[in-house]
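We call the chains A, B, C and D, going by the order they appear; numbering starts again at 1 in every chain.
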């Protein structure tokens, strides 16, 4: 069961896989396996384990590793598995990367350093040291809401030129930024993905190669359809599909903002959606996230109904 | 060699201990031991391992643990050892806390959750779960530049009232905030420390109980002197000592801002200062920090000379 | 010479007109007249006087009024003239609005209150009071970089529903935001314009009605072409035209960032471009902006050459 | 009735005078006269017209001028009158400054440019052009919450050295920043004032020359007392008085944050306090501020009672 060699990172829809948990917050392996199978059935181009949607920031190392192991097992070489190696700085990220390599991830996805304020020169050192330490294709995860720096285009271009980076996963929502990277990088195999659930159509018209949508857990078929329409140049239909998905994405706000933060609501809603669709067993999220109450859980179903999913 | 029981967290100067590294970035145990002895010789009230100054965000788990172990060994029950348990969210922080407990830390210091956006209700759950998991005195580490939330006074007051928190280490620089906590918490044993190198005199006049200054590695005697003057109500002398320390603190900007970030410069300068004072062997910092060059290293010495330290 | 009645705010390209100044910073009326004629020759759908590109924040009241008067004169009823009424709060904005009405502006464009921190309820009062005071179609100018609040979608929707607002000019760059407004407002005559030079193609695919690009001073024909291609559904060609315009937009960075701010560079470059194209006489900008030096002025010409404009 | 010559800007308490309005939002001259007399009776060192507390951002030019005229009249040369000349950029600020000069203000207070993003070099040009245009002592008003830049210490030091600035009014709350200015400026006549209601004691220990507290409208005697205690070196008593004033300052939060912004609440509460003390006739505030309701108005009185003012 070898992992796919990745001479070129694929294009298409690569969902950031949710991490199903049991009631006592252990990994729910059976649910994770069903979720992977569900995503594969929609013809996704890859699976991304260890992203923000996967609650990586919340998972102890052992649980992170176990989740990656399960996903690599289900993927079974059919599609590449991208492993998020999210931690504060280089030495800690390298440790996660070594684990991911051992567990046969196809590629790594790493953010800029965070917690300590950082600098473009330090970001460059960070990715170069990581690439030197573990020989796997490497994507930069540009997520300013989490790490509080936006990857400078010049740094990305330089790291693309010297082979450190093979792509970028943009969760900044800046299409200007993605276009700047596309214009600055002169490598046909370099990949730019958008992490936006709501700008996928426009990002594809702008030239990005794929989508990494958290909502793709709940409606992978919708995003694959949107991607195919865009590939075919049918922008009117792609935009219509996007509008349907954007309405569905409203489910991330079911949680009462007076009682919980946006992650509690969004991750809770993705998981509730997967419960309603019969894919995973429980909507349990990691501590210290606040769980959806029954009314909020039920409200997620209304979104699925409106989107034609149940 | 028992750790001190902590019915009440002590007041005074508690330096956040630097983590000396060898040239290949292993823990330099001998230097760390000398550093602890140097700090103890200045009559500090405690030692804080695993703070921002200690490069905790940069250290792999094993190195973190080893550093704590060494410091607890040198402290040998003379002063309490505070262990920073810095990580993104509750489950990961609890793991660090269990290690710290096993290594006989006297108290824990934890930030609000970070990376994922958070919410006051989630911050409260975070500290309560942590306190429930590991039975050690717990201080909240309020460091908005790193975690991008300021601890709300109402949350701190509530966690103080129910016994979750025994104190706050404020690195926000907001004296208004510290005063608000002091006014809101009705517990004589609750402790508020400032992490500011430059506002120590004013924070003490405002009623805080102690200082946790990164610069206290380089000049622990100065901060202990400042604290004693304040305790004696000699505010003119305390302020004069503060001015001397503030000028010395200028050393954190020796690093060229075009070449490196502020942490690279500041941590590099603290370590350079300790090298110049003969306390540690090398100024090596963690990746991806940029090292000071020779001129910058030498410039640190000028600050020490001007401050009367060499 | 009546102003056009505006039962419906038009769609299309509406450049925010630059304000040409003489060497001693008086209004250069002849240059402004030539600029308006140049823009009209490109078939723009309207002229916007008093936007950020027009240096409104820098112009004394009398100069603002004189510029509006000149543009209304040249427009001569061929296209509507939109008057920016930029000031801190309601009473001051109402004064500008009264002047604009007297000078026969076709519609008003106003931001949220700024300087003092504001609140959604106050923003709603602001626009309602303004609309009640001066009976002209009113567009909200959503420009968070200047006023440091983003107009909440719910506020815009409410103000659209009760007839206070007839449209929004979005300079936030958030296509998600524009889409949210388009989805929330149920009025066929309500207009959403993007102020982005670089996202025009995508914003049009997303359903906005027009473009208000500062760069449209320098290349109005390009933006009108882009708009027409989008209207025709030729997204590949629209995107190609956008790419040409985006490269041209690089001219805003000719100014040395060590010597001047981004406005000095951008406004200076727009004016330099108009000088190079023979439309206005001088690149003089308002105080305290830093002027482009000769090399920077010349560098603008290279962008025009590359874009096929000279 | 000459204005005082100001070879040196005075030290002490200089309240930013509220602007009493009638029910239809015209200037309530009688109330303003009573307010000035009330402040003078407390031995304030000067009067500041046109600050944030004075609703300057909300006042049309004519009302601004009339208020200044009234205050200069009541001051009658007993204390200097500082005129805020708050507007977006140099040309507009110069116009306000010329009016203030004509109305015999003793000194000007101006912010950095705002609305358009700015740059240190532009800030320096701004103050130099203003000083060259109107020959009055000039203070820089450092208020990042309003103008979204913090005045760089190096810029202030340079403008102090060449005689452009005679002082700084700091509303940033950064005592570190004020200390940096005090250390960087080598002029005995240069003045640093804090605009903080709650850090006055500490700022005075840090060496600032005076206080410009909005709350000083409501309790001028308290701030003058605090200033005198600090001058006498009685820091324990100064800090106790500060604690009383800080509790009183809680009145700024009487307004329901769900219904209004912080300015609506704070300015409304200052005015309500002055109504309760019998100084002004009405609590009316400028549009688009939301008025306090009856319960909120009454709640202000409770704070006055607790502070011993009624």
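What to note about this one:
Here is the rule we go by: a contact is a pair of C-beta atoms (placed from the backbone, for glycine too) under 8 Å apart; a residue touches a chain by one contact, two chains touch by 3 or more.
In this text the structure is predicted, and so the values were computed from the model without any measurement.
Counted as hops between touching chains, the shortest connection from chain A to chain D is 2. Chain centres were defined as the mean of their Cα atoms; on that basis the chain farthest from chain A turns out to be D.
Between the Cα centres of chain C and chain D there is a gap of 35 Å. Centre-to-centre spacing of chain B and chain C amounts to 50 Å, using the average Cα coordinate of each chain. Contact between chains, as defined at the top, is found for A-B, A-C, B-D, C-D. For chain B in complex with chain D, the residues that touch the partner chain are 173-176, 179, 183, 196, 198-199, 201-202, 205-206, 233, 235-236, 239, 243, 246. Interface residues of chain C, counted against chain D in their complex, comprise 25, 52, 57-61, 63, 86, 88-92, 95, 113-119, 121-123, 125-126, 129, 145-148, 259-264, 286-290.
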